[in-house]
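In what follows, chain A forms one complex with chain B and a second complex with chain C.
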Partner chain A sequence: MSADFLLFLIVGFVAIAAATAMLFSRSALYAALFLITNFGAVAVLYLLLNAPFLAMVQISVYAGAIMVRFLFVIMLVGAERRGREPEAPTLRWQRPLAIVLAIVLVVQAAYVFITRAAAGPAPAETVDAGPLSIGKTLIGSYLLPFEVIAIVLLAAMVGAVVLTRERS
Partner chain B sequence: MNPILEAVLKSAAVLVVALTGFAYMTWIERKFIGRLQARIGPNRAGPFGLLQPVADGLKLIFKESITPANVDVLVYFLAPIVAVVPALVLFAVIPFGSDPTFQLASGINVGALYVMAVIGVGIYGMILAGWASNNKYALLGGLRASAQVISYELGLGLAVLSVIMMASSASLNDIVAYQQPGNILGWLIFRQPVAAAIFAVTALAELARAPFDLVEAEQELTAGFMTEYGGMKFALFYMSEYVKMIAMSALFVTFFLGGWSGPFVNEAPALSLVYFTVKVLVCLLVMVWVRATLPRIRYDKLMAFGWKVLLPVGLLNVVITAFLIAAGVPGYK
Partner chain C sequence: MDTVTPFVLLSAILFALGLTGVLVRRNALMIFMSIELMLNSANLAFVAFARQWGRLDGQMFVFFIMTVAAAEVAVGLALIVTIFRARRSTNVDDLAQLKG
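Entry: the complex of A and B
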């Protein structure tokens, strides 16, 4: 067992444990903290896969920017103070639908595992995932999707500005 | 030497230097501000008050550890630690000298991004402290901190982006190497003055230091997120602020003031350490000077300045830099 594999097991365990804890924690703030832990663990997984750029982006965008906003909102609306509300009214079709979707996901994952396992382990090729090659790929072969996402994000930004503006 | 042992020893050395630097930075700040205000500053403990940091540290260690009522105990104790760790790990990618013995991991090709990531995470200590303290001043301080830091991080990122574009590398070693055509004019502060100015302002805001110290504005919020903290836990917050100050100064030196470069560095590599230290000290003194000079900015003006001035200017600077580099203007190869 190599050191990398051992590290992978530990970090993977932390990621899964943090994700599970997030789902089951009652307090919004603790859920957010577990999610941050999960993001950090996933960033380490990226590092193990020789993708330092993705690891840094994962930390600065998800753990650094998005989760700070989450905590900001949790603190601002005082989601903790309100305590547990008396069983929020759930939509009746939600639970069966969730179960069906979960089964579909598990079957899909199992299918992939079984078919891929038969094909043998994937070739361990070394991919250059440094900032330069990622930038070239984004602006080169994936230029159109990149621009489309930019437009979508711009539309979302304009939408946020319009929604928060005070009506006179 | 075993690479792991070497890394551990170097990290330990950096930690010792950073923490000693923190202790004596408080002394330098109090002395310097004292002189600027025509006072003497601390002068009782030891010659020139040099033992004052030791006395302060001892006092804080022996203080009773008080936990206020109804706090979220786990988060309350975790927050000071969460505040200190990012401040300390910032030093991992800073090249302190020309020789590889004076560097930890400054060669990694995502060094500048690492800096941005760690700075982004560094805010959690303040937010969690504000939330866990069960105190409205602390909560308001935490809220202000998160809004302020998020706003100014964008400007900081754009300033660093201009530097990365110039050096065409995100490795801090490459950025330092790029700034040495043999004379002082190679420093990026002369070719990227706008980026340097934005970096300096946003760094002060990130550190929540005067004139951007609204996070702990005494007159409005007592001590902000630190209100309910005492003893060693308070000392840890204090430590994170000063260690971050040193780290930010070191980053400014690395990005804009040629890093460890200086005359005769090739002949005597140890000189590079001296140059680096002197440059960092100058930056730190300027920060103290700014604190003694400028009054605090009003909160809405602070946010407006970040979003309506720094961000557009930073974006414009990035675009102009890109044009200059693409056009091959001398000095912007």
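Entry: the complex of A and C
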């Protein structure tokens, strides 16, 4: 067992444990903190997969910006106090069915990935994935999506401002 | 590591956990965080496949998914705040006024 695989096992366990804890934590605030842990673990996995730039983007954008916004809204809305889940959901069979469906999904995905992904090519030699080559690809062959995403971000910004504006 | 299959399996497990969160939790914020978890697991699969094929395209897709996720969080949280202002609740079972 190589050191990389050992690291993968540890970090993967942390990621799954954090996601499970997020699922079952009563408080939305703790759930957000567990989700940050999960994002950090996935960033380490990105490093293992030769994606150092994405790992840093994951930390700064996902675990940083997006989760800070989540925490702001959780504290603003007071979901920690008000967000008590009702003891009996509206549909009684919903929770068992959800768990069964999730298990079915994992088995299906595992079957497809093991039979198909293993049939794919052996991992190629690592390419340079530093900021320089990422930026060249982004401005090169992905120029149009890059421009479109700017419009999407502008629309989201305007939308967020318009939606939360106090109507007097 | 000689194969990316473990990474893809981990991504499937994380996706299923996020799906369970969407189906089980009733707090709109918790559902939203579970959706983020699912997006993140899809990103992990993209990066794993980019590693397998030795190309940067998978990482580009992750880049764009992260941007769209940021935009989605901005609008979604604004919606949750607006709904909370109007109804004083983030429980999705309380928001059943549109049903026929």
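Quick note on the criterion: the second predicted complex is superposed on the first by the 131 of 168 C-alpha atoms of A that agree within 3 Å, B and C clash if a C-alpha of one lies under 4 Å from a C-alpha of the other, contacts with A are read in each partner's own complex, and residues count from 1 in each chain.
As a working rule, contacts are C-beta pairs under 8 Å (C-beta built on N, C-alpha and C of every residue); 3 or more make two chains touch, one makes a residue touch a chain.
Here the structure is a predicted model, which means the values were calculated and not measured.
**Student:** After superposition on the shared chain, which partner residues are touched by A:Arg95: those of chain B (first), chain C (second), both, or neither?
**Tutor:** In the superposition, A:Arg95 contacts chain C only.
**Student:** Once the structures are superposed on A, label A:Arg69 by its partner contacts, choosing first (chain B), second (chain C), both or neither.
**Tutor:** A:Arg69 sits against chain B and chain C alike.
**Student:** With both complexes superposed on chain A, which partner does A:Ala109 reach: first (chain B), second (chain C), both or neither?
**Tutor:** second
**Student:** Any idea whether chain B or chain C touches more of chain A?
**Tutor:** With both complexes superposed on chain A, more residues of chain A are touched by C.
**Student:** Considering only touches as defined above, state whether A:Met22 meets chain B (first), chain C (second), both or neither.
**Tutor:** Only chain C; A:Met22 stays clear of chain B.
**Student:** Does the superposition put A:Gly130 against chain B (first), chain C (second), both, or neither?
**Tutor:** The answer is first: A:Gly130 touches chain B but not chain C.
**Student:** Examine A:Pro52 and indicate which partner it touches, taking first as chain B and second as chain C; both and neither are also allowed.
**Tutor:** Touch partner of A:Pro52: chain B, not chain C.
**Student:** Would you mind listing the overlap between the chain B footprint and the chain C footprint on chain A?
**Tutor:** Correct list for chain A: 53, 57, 65, 69, 74, 76.
**Student:** Which positions of chain A touch chain B when the two form their complex?
**Tutor:** These residues of chain A touch chain B: 29, 33, 36, 52-53, 55-57, 59-60, 63-65, 68-69, 71-72, 74-76, 130-132.
**Student:** Considering the complex alone, what residue numbers of chain B touch chain A?
**Tutor:** 72, 75, 108-110, 113-114, 116-121, 123-124, 127-128, 130-131, 139, 142-143, 146-147, 149-150, 153, 170
**Student:** Spell out the part of chain C that touches chain A in their complex, as residue ranges.
**Tutor:** 1-10, 12-21, 23-27, 29-30, 32-34, 36-37, 40, 43-44, 47-57, 59-60, 62-64, 66-75, 77-82, 84, 88-91, 93
**Student:** Residue numbers of chain A touching chain C in their complex, please.
**Tutor:** 2, 4-5, 8, 12, 15-16, 19-20, 22-23, 28, 31-32, 35, 38-39, 42, 45-46, 48-51, 53-54, 57-58, 61-62, 65-66, 69-70, 73-74, 76-77, 79, 82-83, 85-86, 89-90, 94-95, 97-99, 101-103, 105-106, 109-110, 113-114, 117-118, 120-127, 129, 133-134, 137-138, 142, 145, 149, 152-153, 155-157, 159-161, 163-164
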